[in-house]
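See the structures that follow.
Two complexes follow with chain A in common, the first pairing it with chain B and the second with chain C.
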Partner chain A sequence: MLKIAASRLNELFDAIAEKQTLYIPVDREPNTAEYKKYESGMTMSSALNTVRSAKDFFFPQTENLAEFKVEGKSIEVKDIRQENEDFVVFGVRACDARSFSILDKVFLSEPVDSFYKNRRDHGTIVTMACTKPAETCFCTVFGIDPTVPEGDVSVFSDGENYFFLDRTEKGTEFVKSVENFLEEGDAAKLAQVQEQARSVIKKLPLAGLSTDSFGGDKLNEHFNSEKWAELSEACIGCGTCTFVCPTCQCYDIRDFDTGHGIKRFRCWDSCMYSDFTKMAHGNPRTSQLERFRQRFMHKLVYFPANNDGEFGCVGCGRCLAKCPISMNIVKVMKALEVK
Partner chain B sequence: MNNDTLIPLIGVVTDIRQDTPDVKTFRVNALEGGKVFEHMPGQCAMLSIPGVGEGMFSITSSPTNKEFMEFSIKKCGCLTSWLHAMDVGQQITIRGPYGNYFPVETELKGKDLLFVAGGIGLAPLRSVINYVRDNRANYGDVQIVYGSRSKDDLVDYKEIIDEWSADPNIQVNLTIDNPQEGWDGHVGFVPNYVKELNPSTNKTVLVCGPPIMIKFTLAGLKELGFTETQVYTTMELRMKCGVGKCGRCNIGHKYVCKDGPVFRFDQLDELPDEY
Partner chain C sequence: MQEAMIKRAKELLADGTVNRVMGWKKGEFAYDITPAVFDTAEELEQDFVCDDLTQANVSKYLIKESRKEGRILAFLKPCDTYSFNQLIKEHRIIRENVYVIGIPGGPKIDVEKIKAKGITGILSVKNEDYTLKIETIYGTETMPFYEAISGKCESCKSKKHVVYDELMGEEGDVLDSNRFDMVEKLENMTAQERYDFWRGELSKCIRCNACRNVCPACTCESCVFDNPASGISQKAAADSFEENMFHIIRAFHVAGRCTDCGECSRVCPQNIPLHLLNRKFIKDINSLYGEYQAGADTTSRAPLTDYKADDCEPSVVHERGAE
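Moving on, here comes the complex of A and B:
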């Protein structure tokens, strides 16, 4: 297997960044990592994951869809789309890597979202296998193996070296482009590291969470459950869960008058917000209970109903860490579980 | 790069008709004349005034109209107030068509049809009615029951009287909620009127109107012996994208913009009661 010594990783980064834009997770402060455009000398974060998910690379929080020039009664539509530049995201974890295939099901289904596809076509995902998962991790519940992440290239660390496994055509091209920095290495110790990680993962507190009670055919079991009232009681509708969620993809479209033209933006939205479904003549979800229910029903029932049983959650644990009232999908699944 | 449905086209308003005190019907053409795009009866389009907002509206004209599209729009919010303030010649943005349509070429073909509309709910059904009139041989009896708050609130009154009522092959039954000077027709709510008219249960029903009207009409039809598989309606929820991605117009796992807006009541029955 091709590898690079951990001490030489920045040489590799420098080489990648010379050819295309490279993003790596860096520490903003201890244990608070975020993706940043790589500049020489930056150190890759050792944190397990970034606070915000990696969905921003393909589905940014805000993006300009079109521009309009309005003059008198005339309108001119400006298609401002441009072919994206190639870029590499290095260090994506297995949970976020899976979220891309979930987002693909939404944005690449007909009619294809060209804004998303443009970024997807030009992005190379280099994932990093997990060796020390956190207590909030539960990706295995959704069939994800964090020791062998998806992506164009998977990178594995044995503590001293990083090993590279190309998994797609784009990945092979990427590895070839940096092969001068890589050398053949003995991956014997890697298996040991993986085995150790797997034994930790099996013992994670949420590893036993069951999805058996959920799926596309479970509408009637859950929609009218009395448990939603208690579960949603303390929800303040802040939308933090949706913003840190790698699979939440609801969006709003709004126009902004710049004074010399109108820009139409797409930005993240949240089904937890009271105005999400509000119309001039009323609102089908008037209470926080209904909005809270919508979010979890979407991930656990509606999304699987439309996508061959695949759940809209990757078990990254961000909502567990960030919800101000400590409510999260794990608590919901446990409460609604049919035993 | 391929066209993206989120990047709209331009339409120009070529005629504005004041239908009722709060409903105007806008005729829209492509800049070079003709229609901006083709559609089927029941489908919708996203109309926008850049800088104000964008909203989904049913296309009220029939696809058999080859010259223009029409939208009957009730003034009830921010965008619709701006639309109502437009003059002829104003350009708007338009994208679509979105959603499914009434199955005029399949399930409805050869059937006796009963249209039940209330207020602005006539807008989506008018497209079907005129499609059926233009392909009259393909359908059986046609009956239209339409009601509004008052005579002045009947949308497309001129077309109803001059064309539909004058058509010997169509039965038109109008009603208004309360008695009014100059009105010698039926007075009473639509659901009750439908029950009084006691239509034959071999008809296929297309209903659209305020939610409360739809609810009681369906209950009345069931009392008369109709089943849910015979009754179609068209839904409306808040939309942004129109193609099932922005995530807000869902009823359960169905998106009104993409899987609807036309649903049969037995299909709605399988969805959560959240609309």
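Moving on, here comes the complex of A and C:
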């Protein structure tokens, strides 16, 4: 397997960054990582994951869609779409890698979202296998193997080296473009590291979580459950869970009057907000219970109903760590589980 | 303390003093504790928790809870009692519908500080003689208790309960705290340094509104930022300064009413030290209008809603200068 010594990783980064924009996770504070545009000398974070997910690369929090110029009775619509430049995201974890295929189902099905597709076409995803999962991790519940992440290229660390496995055409091209830096390496120690990680994963506190009670055909069992009242009782109606979530994909589109023209933008929205999907008659979900229920029903019932049984969660655990009142999908699944 | 609290709550439920208990519920791990209302002794025995990791201030929930039928028991830490009192002062909580038991406060442990040490796979956290013993999937770890203290407890302003119907533990005092140290540091910066500090911090904002929604001073039925007719785009940063303005405007809105409970910074998923904005206002109010602590009482006029002949003039802004 092709590898590079860990001590030479930055040489590789420098070479990639010379040709295209490179993003890597870096520590903002100890163990608090965020993706940053690589600049020579930056150190890749050793944190398990970034606080925000990697969805921003394809579905940014805010983006402009079109511009309008209004003069008298005529409106001029300006198409502001531009071909994206090629970029590489290095160090994406298995959970976030899977989230892209979930987002693809939403944005790449007809009618295709050209803004999203443009970024997807130009982005190369280099993933990083997990060796030290946290207690909040439960990706295996959704059939994800964190020791063999998806992506265009998967990278595995044995502590001393990084091994490269190309998985797509784009990935092969990427590995080829940096092959001068790679050499054939012995993966014996890597196999040990992977084995150890797998044995930890089996013992994770949430490893036993079951999706058996959920799916597209479980609407009636859960929608009218009395448990929603208790589960949503403490929800403060903020958007933290939605905004740190790698798969939450709802957005709002609005027009902004700049004073010299109109900018139409879209931005992330949260079903937890009181004005979510607000129409002329108001919000169809008038209570926090209904809004709370919507988020979890979407991930556990509605999404699988429309997407061949695939759940809208990848078990990254960000909502478990960040919800101000520590209510989350794991607690919801356990409460609604039909034994 | 937790056992004594459960025992007392069961007594008050049994004798009809209250029909519900506002407290905290255990989670999956040692630290993911959720505010909850308990209706029965069985629920209390099963899930009630109040330990070193129980940080959440439950006062804001009592706005809604005090409007329900019957009386609710609330366990309030000293800092929570200030929020509660302020909400009484603003006629948001119906006092007679809440039975308050004052409980000892922190210092509480913030699991984020444990995680910041690189400790992961956390299964349990125990305080053994001011050393934290942390059981993890990867073995036992230890760290000094004081390095894991939550931000809001590090600069505790008071151990005194300013309102209660009964007290568990001892009556505490208002402390001579160090809470303005960082504000002073910021004041001593040059304008450019201070601007860079806040731009750096506030640009991390993801507009999740957790700070606003958890804030016991933010109790408007409908927030100005949620009003589509307000002329500002509340969900997106229309330009790179807008999320900065959100926090500055919010700090203005709660000036003179913020009790410095620290919940805003505790819940921020991006670790923005939002409480420093509020503390700047508190410090300025203290120096311009005389010492004032929001929530300390329920009857006094707040400096910003009162008039005194020796109030500072608006020109104080100019006199203090830009630096």
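Things worth noting here:
Note that in this section the second predicted complex is superposed on the first by the 338 of 339 C-alpha atoms of A that agree within 3 Å, B and C clash if a C-alpha of one lies under 4 Å from a C-alpha of the other, contacts with A are read in each partner's own complex, and residues count from 1 in each chain.
Keep in mind that, in the parts below, a residue touches a chain if its C-beta (ideal position, glycine included) is under 8 Å from a C-beta of that chain, and two chains touch if they have at least 3 such contacts.
All values derive from a computational prediction rather than experimental measurement.
Annotation for the three-chain superposition on chain A: chain B and chain C fit side by side.
Shared-chain residue A:68: touches chain B; no touch with chain C. With both structures placed on the common chain, the touch criterion links A:9 to neither chain B nor chain C.
Contacts of A:112 after superposition on the shared chain: chain B is touched, whereas chain C is not. When the two structures are aligned on the shared chain, A:103 is found in touch with neither chain B nor chain C.
By the touch criterion defined above, A:262 lies against chain B but remains apart from chain C after alignment on the C-alpha atoms of chain A. Looking at the shared chain after the overlay, A:203 reaches chain C, while chain B stays out of its contact range. After overlaying the two complexes on the shared chain, residue contacts for A:326 are found with chain C alone; chain B is out of touch.
Taking the C-alpha centre of chain A as the vertex, the lines to the centres of chain B and chain C open to an angle of 90 degrees, rounded to the nearest 10.
Judged by the touch definition given at the top, the superposed model places A:278 against both chain B and chain C. Looking at the shared chain after the overlay, A:126 reaches neither chain B nor chain C. No C-alpha atom of chain B lies closer than 8 Å to one of chain C in the superposed arrangement. In the superposition on chain A, the residues of chain A contacted by chain B and by chain C overlap at 252, 269, 278.
Interface residues of chain A, counted against chain B in their complex, comprise 65-66, 68, 70, 73-77, 79, 81, 83, 106-107, 109, 111-115, 118, 216, 219, 223, 249-253, 255, 257, 262, 264, 266, 269, 271, 276-281, 284-285, 290, 294, 297-298, 301-303, 305-306.
For chain A in complex with chain C, the residues that touch the partner chain are 28-32, 48, 51-52, 61-62, 132-136, 200, 203-206, 230, 233-234, 236-240, 242-244, 252, 254, 256, 265, 267-270, 273-275, 278, 320, 322, 324-328, 330-331. Residue ranges of chain C in contact with chain A, taken from their complex: 27-29, 31-37, 56, 61, 115-118, 120-123, 136-138, 204, 206-210, 212-214, 226, 228, 233, 235-238, 266-267, 269-271.
Listing the residues of chain B that touch chain A in their complex gives 1-10, 48, 50-54, 76-78, 80, 87, 89-93, 236-238, 240-241, 243-250, 252-253, 271-272, 274-275.
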